[in-house]
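Letters A, B and C mark the chains as written, and numbering starts fresh at 1 in each.
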Amino acid sequence: MQSRPLALTILDIVSIILLGISAYLALVFAPTELVMGDVQRVFYFHIGTAWTALMGFILAAVFSVTYLVSKDLKWDRLQVAAIEVSLVFFLITIVLGSIWARPAWNTWWTWDPRLTTAAVTELIYIAYFMLRQGIDDPERRARFGAVYALVGGLSAPITFFAIRLFRTIHPVVIGGSNAEAEGGFAMTAEMRVAFFFALFAFTVIFIDLFWNRIRLGELQEKVEQLKLKVTL
Amino acid sequence: MITVKKLVKRFGLKTILRGLDFEVQPGEFVALLGPNGAGKTTFLRILASLSRPSLGDVKVAGYRLPNEAAAVRARLGVVSHLPLLYGDLTAEENLRFYGRMYNISGLEPRITEVLEMVGLDNRRRDLVRTYSRGMQQRLAIGRAVLHDPDVMLFDEPYTGLDQDASSMLDEVLKTVAAKGRTVVMTSHDLARAEDLATRFDILSRGVIAASKTHRQLHRSNLLSFYKEALAD
Amino acid sequence: MTNSNSKSGNFLKAVGAVVWKDLQAEFRSRELFSAMLVFSLLIILIFNFALELDIKTRQSVTSGVLWATFAFAGTLGLNRSMAIEKDRGCMDGLLLAPVDRSAIYFGKVISNLVFMLIVETIVLPVYSVLYNINLFQPGLLLVILLGSIGYVGVGTLLSAMAVQTRTRDILLPILLFPIVIPVLLAAVKASNGFLEGLDISEFLLPINLLIAYDIIFIAVAFMVFDSVVEE
């Protein structure tokens, strides 16, 4: 039985530290934004989690292709890990986006392209897991998962561009500002520091969670194998 | 005609076929016997190119599976315990459809020839969903021989047939086998298998446990042969 | 006894055989078709009561109501079409044929498309009559065609997967709807363009998107269909 690799434990610790620093930068170090006030600080984490989720999304689509080409089940495990992490982070992105939108634009939800696409992608992920749940054979589960993730991976970006290009009818947002204007404020130098650090921190956090999840998948499979040996 | 070496088939963590070796010469009629769950259907599906081997070599009619599957299919006729027929089409429409899928020339006279062979010419314009189980099975065999295959695979063809229908099926099978075709048939029913087959193989625990030709076996000994082979 | 003509000749023959078989069987039973049609009309009825609109506003939601109707009713047809193959083991019969798997895909797409178009051709005049709107503009019909192609192209692939799972019928809409959102977006936008009599240059973009979507997804489905039906 492999014990937890040292590198992973170090990465865990580093991730937590980075998260802490990022929080400090976002909540204390960065100046208060003029128009929206303190709620704007949500933005740093919002972008961080969105970025993480996006990485997971792209990786998942890549793993679809690698699995279908090689038929090696390890790509399936990687894909499940990527999608799970991405699912959680898109959810956080959406919630943070909501928290930001309410005081800033007096609405819990804006139908802007990014947020809406995040929601659609969440639904694709949920459908992905529901598809897998209905299949017993692991090889077929992997194949179907890969196909659906590939189809979803193509569809979500198209959805994003379609909304951006076509949806000119936005709900009228009190305050008059365009609901699409997430970056509707200029960033000072300190803000930029907080911003880029958040991106960096969340990249590390993504890798950490991703690695942990893969390991979890491997351990699960070991358990299945052992169970089988015991029952025979 | 059929050569199988060290065939392994896994479904996830379960291994159904464990290094199975099997060889059939042209013109042989092999009855593949064995208890439920031994892997007879799995094995037949692999030979039929409907399932991929996990490991091992499979050659049918001179072509390797799964790489040259398309070439194998043209020479293969399969009858499973499901009818593989469309209930809302008539008998001749069903045959016409399959004839087109197999790109058979001189289709119309061939359809009549086959219908006469299985004794269903007088009901050719009836919808298949009005057919009894026995009639459907006979039509299914007609479908399987339509393209004059060299190899025929039958998976439990007698399932659900009454005495009359079984006798009719016997006759059809004898006609089919008489043309020098190579046949592999799985069956629970030892009595049926006895009359038709030239060879008896027992599949048990994922390998061929025993094999005897018709000549090596005296009539009453098939049952004891079967029991002995399974006792090991 | 099988000919080995040109491979493409075989392929087209097989596609044609699948389409003809589906049309023939459906013509006899009319199960699929009547279910889709009745469901569509019921949906329009529900929308009528659910959205209590004045005449002017109603005009503006026509495209949306129509496409929502097609999207929901379409799943019935897609489900049923694949279920017919799965029961009685007919899918094996198709897979045993010495022809490329994609012939099955294209055959199914075409027959599913035909069913969907027939239902749409009936729904349009009914809607026209009920709401006194002229829906018979060639532009609109083009959009409906392009949108249906995209919908059926992806839907056939996904229904081939859904039919092999335990949760079967319920699963298809869950899989399909998030993926076809671009089709709905673009189709509604373009339909509106035609209905409002706008100059076509103003909504060329959604039409192009529909065409692009159709091409991309049919190409992808064609490439992965093998993996979905084989074991």
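A few notes on this one:
The rule is short, and it goes like this: a residue touches a chain if its C-beta (ideal position, glycine included) is under 8 Å from a C-beta of that chain, and two chains touch if they have at least 3 such contacts.
Keep in mind that what you see is a predicted model, and the values were worked out from it rather than measured.
Every chain gets a centre from its CA atoms, and the centre nearest the mean of all protein CA atoms is that of C. Of all chains, B has its CA centroid at the greatest distance from the CA centroid of chain A.
With A-C and A-B as the two chain pairs, more C-beta contacts join A-C. Rounded to a whole number, the gap between the C-alpha centres of chain B and chain C is 37 angstrom. The centroid of the Cα atoms in chain A and the matching centroid in chain C are 32 Å apart. Computed centre separation for the pair chain A/chain B is 51 angstrom, with centres defined by C-alpha atoms. Residue positions of chain A touching 2 or more other chains: 136.
Of all residues in chain B, none touches two or more other chains. Shown for chain C are the residues in touch with two or more other chains, namely 231. By the touch rule above, chain B contacts chain C in their complex via residues 45, 48-52, 70-71, 73-74, 76, 78, 80, 82-89, 93, 97-98, 100-105, 110, 127, 143, 147-148.
Put simply, chain B touches chain A in their complex at residues 11-14. Chain contact summary for the complex, chain C toward chain B: residues 1-5, 10, 13-14, 16-18, 20-21, 24-26, 28-29, 84, 88-90, 92-100, 230-231.
Residue ranges of chain A in contact with chain C, taken from their complex: 68, 120-121, 123-124, 126-127, 130-131, 133-136, 140, 143-144, 146-148, 150-152, 154-155, 158-159, 162-163, 165-167.
Partner chain B is touched in their complex by these residues of chain A: 136-139, 224-225, 228.
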